[in-house]
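Below, chain A partners chain B and then partners chain C, in two separate complexes.
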Partner chain A sequence: MTTTRMELVCPAGTPATLRAAVQAGANAVYCGFRDETNARNFPGLNFSRDELAEGVRFAHDHGSKVLVAINTFARVDDVDIWKKAADAAAESGADAIIAADFAVLGHVAKNHKQIRLHLSVQAAAATPEAIGFYAAQFGVRRVVLPRVLSLQEIAALNRAIDVETEAFVFGGLCVMIEGRCYLSSYATGKSPNLNGVCSPPQMVSYDEEPGGTTARLSGFTIDRYERGQPVGYPTLCKGKFKAGGRTSHLFEDPVSLNAGGMIAGLKAAGVTALKIEGRQRGKGYVSEVVRAFRKAVDAVEKGGEPVDIGRLLAGQSEGARQTAGAYEKKWR
Partner chain B sequence: MPEIVRMETMLTLGPVFFHWSPDRLLDFYRRIADEAPVERVHIGEVVCGKRMPFSDPAWPAAIERLERGGKQVVLSTLAAPATVRERKSLEDICGDERLVEINDVSGLPSRSGKAFVTGPFINVYNEASAKFLIQFGAQTICPPVELSFAAVGAMSVKCPEAEFEIFAFGRLPLALSGRCYHARIHGLHKDSCQFTCERDPDGLAVDTLDDQQFLAVNGVQTLSNQVQAFCPAPDALASKGIRRLRLSPQTCDMVEVARIYRRLADGREEPEDARFALSCLDLPGTLVDGYAHARPGWQATAVP
Partner chain C sequence: MRPPNAEPMLPGFVRQLFPAVAGLPLGPLLTLSLRSLARRRPSLFERLGESRSACFGIDPVDLAFAFRVVPEGQRSSVRVVSKDEAARSDVQIKGPLLTLLGLLDGTLDGDAMFFSRVISISGRTEAVLALRNTIEDAELRPADLLGLHGILARYVDTGVLGALSVARRLVDKNPSGAREA
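Up next, the complex of A and B:
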């Protein structure tokens, strides 16, 4: 049983969301630079060097930490872009760099010993051997766990390793092992590892057809909605497909992750930090989600009654269904 | 006139991704040993540890037969080891004197210092990452399938101390999950999957609602429906020092696939003729090569 309090790690896509997350009770915020070095490389998102420095000052003044995601894989012949991003993160006074690529991890370990290194979920390290390797080679202090492990597996893993673990509790749910999924580039040419994007918006079309609205990605039909039905974003792995004579949401239903009911279980499993996904989200959303999780984490830490996260976040569910994902073994 | 010295391009038969029966595996490797003009053959289960009790008995005989046929055998390992048994098996294989293919970082601690291959499930996107792995013993690097020929070539030029291998033929390995899609399609869970994946020896086709051929599932793995058929001219490979092409087993005539690529690599057949010859085989999907050209993987930039 851990005696330290769990850390709540919250997304900041913009300086305004960073402030909102800090004020709503985030122990740490994570963000990235406005380029392809981070896995949420969307127009209008992310930080310039100056904005990051200012964000770090604001967060530190309020007792929160800043973690900088430099978690895509560096392009051949352009590794310096990723190294310079890491240099800038270190200079900003941020508390940690979140990285996945051997090249980035090696650069930070060698040149910026004062900053903590967190292993990104994009590295998909899920065994004591893999995590031990990253710890031994780069001095990684925390690993963000792939979203495919059950609670029992996380507990066993924590007993076998010396570094902290961080687990996703809310937001988008990758059903594939992160960092090892090329579905997006297969359809669109752009991928999380290469470009920091998945199922990119510029490749999406919504076509009005006699049968309803068809959502396509790069010309591939991902889902179809009858008139009056809410239309979803065509994320590839949440689409409806035909296989084996059946039509279904083959990979995953259009659900998002909510492990708000598992905070005590994650604590008992030895998890150090809880991560909320959503750097693409606005500050209203981030404020509300962070506030709800702040209450829930505090309740668990006090050993009191668990808080009903679903009720607290009724306004943010957008009618979409939620799942505890792989934390429950039957998900597989 | 000085003769231009061109290093021979070598052909590698990658591991079988699918759940083939031990008999089928043995028949397959017997014929490869006797007839396929490939230098190197990968054996071993890569996708799902639950299949290992079925396929494990086939490997000793397959290895013996392949080695007697003059092939270099590489032991491939799991791409996502998780259970204690899977991790132990990985460690055991990593201790072997033969060459081993690492498909997850979990294998690096027990293989460091001994020569290994990194498979397409290890994220090597740049020369610095390649050099990092080379210092631990990476001898051949087969980068992720989404990298272009230009990107692999640039790494190869900067890292002449390792051989680079391009995934040239077969359904493209696109994703892995903790969830088994064969089980899910059949209303089962992974832990009680009933091995329905064995019914689809090339993977199960996944089409869109508009019947576009798109993907294929193979247990926890997702592949392309289309078949990669990258057919580079020998000079293109030589100019980047790329030594190896990987052919990934499907149920079609893999001896014929190897013969076609051998002729291509030897300059005895033009790329378009090689592609045509491949297209005449009994393939599970149409031919594509988009990734090699830095385009979406499903695209066919060369016709047919």
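Up next, the complex of A and C:
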């Protein structure tokens, strides 16, 4: 079991959300630049160079850290965009860069030794050998764990490596190997981990039709909603499709991750940091989730009664249904 | 209790008053206030990216008229238009006036209002998303739109936000208003 206090790492899509997350009790906030170098490249989201520098000042004044995600994979003819983003993150005084691409990792390791390197979940490194390689080659200090490992596997992994681990505890789930999504690339012609978007909004439409609303992505029907029924964002893998004469959530139910009940287990498994997903979410959502997790983490750190996070956050998860994901794999 | 997706409409008598408001030069006044906001906070409009030149049709369903807004920084424009004209914009956002105002000042969450169908959106989704994220970050107060500062701004913010919250409570207590529409 780790003796240091676990770090709560929270999302920020805009400067206002960064401030909200810090004020709600985030130990660290992660964010990205307003371009294709980060895996949440949505219109109106993310930070300019100046906004990042200001955000870093605000976070540091309040005792929080800023981690900058430059975590998409660089294009062979444009690696400079990614390198320049890393230079700007280092200049801003941020505490760490979260990256997955060898070009970015190598560039930071060589030119910005003062800034920590965290291995993005996009690298999907889940074995001591893979993690050891990144640590030896680039001096990676922390690895964000792919959402496919059970608690036992995380504990075994932590015993075999000497870098910190960060585990997702709340938010959306992706059924592919962390963004390597042929489904989305096929339908939209864009790759989540090259262009930083899954279900790009310019390809999304909500069409009012006689029977209700149809949500489409790139012309493909993803879901239909009766009049007045709550609608969802058309994420391909969470859509309803017809197969074998039956209409169902063919790939994945629209559930989201809530490992709020596993904080003590994750600590016992040697995890250093807990990550909340959702840089695309608003500041109201981020404040509420961060506040709830702050309470829960503090309770675990004090050895007190666990906090019922499901009750605190009822209604804040996608489709209002939650899962503890792979952490609770029972079938092994 | 109001069903989750019922629209909190303005009571009938308030709606009756609005045709008089329509007589005011609302469009030019709002245009001026948007342009002055762009002078004071240019980064806010930069966040909109390419969607700055998109035309947003804002249709408060409890009013007899709608707005066409092009948020192009210092060249922004707001026009009072018919509902039909608003429906021909790049993006159409429809909802009860108090909800739309609540989105603007951040009292209400845009995602929640959209996914629960209190507001409806059609047209260019990327422009809607850019606008939603921009408003989220802007933390606009009524005084920002009026270009006020200092103590006067504080009074105006408290007064306007207080009045809006009272209006929302009144409307919430009068669910029949939702069915009147």
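By definition in this document, the second predicted complex is superposed on the first by the 311 of 332 C-alpha atoms of A that agree within 3 Å, B and C clash if a C-alpha of one lies under 4 Å from a C-alpha of the other, contacts with A are read in each partner's own complex, and residues count from 1 in each chain.
Here is the rule we go by: a contact is a pair of C-beta atoms (placed from the backbone, for glycine too) under 8 Å apart; a residue touches a chain by one contact, two chains touch by 3 or more.
From a predicted model like this one, the values you see are computed outputs, not experimental measurements.
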Which of chain B and chain C A:Tyr206 touches, first, second, both or neither: second
First (chain B), second (chain C), both or neither touched by A:Pro230: second
Which superposed partner A:Val175 touches (first chain B, second chain C, both, neither): first
Partner touching more residues of chain A, whether chain B or chain C: B
Partner chain in contact with A:Tyr285 - chain B first, chain C second, else both or neither: second
Chain B versus chain C as contact partner of A:Asp77, first or second or both or neither: first
Partner chain(s) touched by A:Ser218 [first = chain B, second = chain C, both, neither]: first
Shared chain A contacts, counted only where both chain B and chain C touch the same residue: none
Chain C - residues contacting chain A, complex: 4-5, 43, 46-51, 106, 109-111, 114-117, 120-122, 124-134, 136-139
Chain A to chain B touching residues, read off their complex: 73-79, 100-103, 106-107, 123-130, 132-134, 136, 146, 148-149, 153, 175-177, 179-183, 185-189, 191, 193-194, 214, 218-224, 237, 239-244, 246-248, 250-252, 326, 329-332
Residue numbers on chain A that touch chain C, as the complex places them: 13-17, 34, 42-45, 48, 50-51, 200-202, 204-208, 228-233, 281-285
Contact set on chain B toward chain A in their complex: 79-82, 87, 90-91, 104-110, 121, 123, 125-129, 132-133, 144-146, 151, 154-155, 158, 172, 174-181, 183-186, 189-191, 204-212, 214-215, 217, 222, 224, 290-291, 294-298
